[in-house]
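Next, two complexes with subunit A in common: one pairs it with subunit B, the other with subunit C.
Showing the complex of A and B:
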């Protein structure tokens, strides 16, 4: 990493994660996640409650962090001030995105880690005597996949908010459009009650759970210790992965194009 | 300034954790658990009050209920091979002289994975058994963790403020 990029990242962290942003995100995440209690460590009982509890926190955090970083910098002309130094637009963009994405992932990742420790998810189970606990041995795998899902969801929300912030160039309006889209889709896919229909892959709480559930089932089956249902179809899993990862990549590339051509005045 | 921020983060985490602990303070029920022998688990139990109801059990008299930490026992491949006497000997909690429909209330000491077993006077497992397991009250370990974080946060914040005031007074004089 070049010295300039490092300096830009440090400046971004100091500016965008100043008191009380980090504290607020930590507080809301702890209050949303740690009340989740479970008697079991199976993938249905343990991974499912985390996502509905966190959808609200992911969305609000991405909206505030990336909205402030991009839309507000343009609105308040901080971007122009930054560009008066010998740095390119792409360098500023990369530094901002990298700093905020990494910090957001680390904050949520540490909450997920604490939740995993409190639920003994990092203790591998042995073969068990009771039927309902047959997936006990997979606890670390399940929690590992939770981190993969977390990465996907943070990447998607970050990229989507970045493109909206750059395209709209207004903090308030970009947050409004972002939250309307996220919660609108959320309402649309869950209002029918059909959680297995393909459109449910667009939901930020059903999609990540489907990734964990499908991959755990798949892993269980290829281990040869028995057969279990993946619960979600391959089509549903692919749709979720495509929506979260491919859309995230597309949003990021388009954001890069926008930042090179955008009129900052 | 940096010390103050660290103190504020400790304080916020402590407050949030204590709120989360209070929010968890609801009865958590497993519902009815039914098994061909009196061996249940592993269940994820927290250090709080635990209630076990012997809803249906065969035979109905002179029963023993034990709680075994999963760390103290390696389960065999099939439950027919499980040795009830060996399990009873490593139990962290044991109550004898029970009968069908009895309710047992005990406190779990350490958060962990546990097996609950019901045995008869000869030391063998009971036959088909149905239990209701519930946990209620505040999880002690989380409560203490939140209090420690809160106290640390207060100490760091007060310490930093005192340091700043002292510096301010020295400059003034």
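Showing the complex of A and C:
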């Protein structure tokens, strides 16, 4: 990593994660996660309570962090100040994305870890996936899958918000478009049941849980503990690699093209 | 031959139906160069193109001899910029901000450079405070500081005196004078304040509707556009003034102290006619010189041609 890129990352971290952003995200996340341990004892899938509880926090955090970093930075003319120094647009983009993505992943990774530790400490007798996996000596793999899911979701939301922020160049509007997309238009107009919400299959409303479910299902399937092979393999591929990962990569590449060509007037 | 600070050939930039720069050709020739013109003249668009923030639709653009399209990195190494309405990181302290800027510029002693520059702009004491607590004037001074830190070869300032009180403005103009005369740095200023241009610039371009209407040194422009009024000193003011007023050479003649101020008609060869008249009435001419107006007057006449 070049000295300038390192300096830009430090700049971004100091500016975008300054008080009270980090503190707020941590506080809200912990408040969201800790009751899971009390209320969801005995749940047979550890991922089930965690992801829905955290979906809103993920989405709002990604929207605020990447929206501030790109859209607000263009809107408030912080971007052109940075670009007036001997650094390239690509360097600024890479530094901003890396700094914010890594920080977001580390923050939510810590939250996931807190949940795991809490479950281990306070609910030793219950039958969770982790306990089950622990019995079979698979706990590290299951937690690995949990973190992989987290990585994919953070990567996807980060890339999506980045492209929206750069294309729209306005903080408020880009956050609105992002949240509408993430939760799915259908989610807002659903009047009864989850039927319509399920149609928003590409929304994170059901996405995160689905990803973990598919990942663990896929893994169980390999172990030969039931569930049809083709169904889970296809769904796993669609929900993770086919959607979150590939879309995230595409968003990132398009963002790079935008940042190279965008007029900052 | 000195390389022009900026050199543009047939540069055009359109925003939809609006033509911001219209086939603009320009070459600055001074150490401290100024761009003036009304709002919407194209000054900021021009600066944005020079800095690579915006791309021109067509034309060639060179800054310090480097091509903006292909050698922007080389240009940026030699550049300090105060953009229009800049956004500085509000959670940083002034000193921390300048230290980070110094690091990005690759300066060897960022801490020392930051402190020295804060001192130059009069913010040494406020350096430890967060930028969000700065007044508009302090913010502008910080903008000047981040542009001049490390003494880059060329400093581009967009409205450098904005938000500054009269003393602050004088300070900024003094900084420009010091850095240009003593340290040999080049400047390109864009401003609405004509006094600033007159005080520090040795080349000026008057912009309007995306084009440069006039360019040259301040003295050249002023004498070109206010050249019809002359101050004349003779051995016999009264006689000469009376005789001059009788001719069809002048519009008006007035006595001011120990000289006559006469406004001549257009196309009169002033020096020749004055000498001829003086010879006829046997009066000795001691001095004939144009009465210089102000850049304000030039701008008014250039922008609203009669």
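One rule holds in what follows: the second predicted complex is superposed on the first by the 191 of 265 C-alpha atoms of A that agree within 3 Å, B and C clash if a C-alpha of one lies under 4 Å from a C-alpha of the other, contacts with A are read in each partner's own complex, and residues count from 1 in each chain.
We take it that a residue touches a chain if its C-beta (ideal position, glycine included) is under 8 Å from a C-beta of that chain, and two chains touch if they have at least 3 such contacts.
Here the structure is a predicted model, which is why all the values come from computation and not from measurement.
Shared-chain residue A:23: touches subunit B; no touch with subunit C. In the superposition on chain A, contact of A:31 is made with subunit B only, not with subunit C. Looking at the shared chain after the overlay, A:263 reaches subunit C, while subunit B stays out of its contact range.
In the superposition on chain A, contact is made by A:14 with subunit C only, not with subunit B. Once chain A of one complex is fitted onto chain A of the other, the partner contacts of A:80 are limited to subunit C, with no touch recorded for subunit B.
On subunit A, the surface touched by subunit B in one complex and the surface touched by subunit C in the other have residues 19 in common. Within the complex, the subunit B residues that touch subunit A are 5, 8-9, 12-13, 15-17, 19-21, 23-24, 28, 30, 35, 39-46, 74-79, 82, 111-113, 133, 135, 142. Here subunit A touches subunit B in the complex through residues 19-20, 22-23, 26-28, 30-31, 33-35, 37-41, 118-120, 123, 125-130, 133, 136, going by the rule given at the top. Residues of subunit C touching subunit A in their complex: 15, 44-45, 48, 51-55, 73, 76-77, 79-81, 83-89, 91-92, 96, 100-101, 103-106, 146. Against subunit C, the residues of subunit A that register as touching in their complex are 3-4, 7-8, 10-11, 14-15, 18-19, 73, 76-81, 83-88, 261, 263-265.
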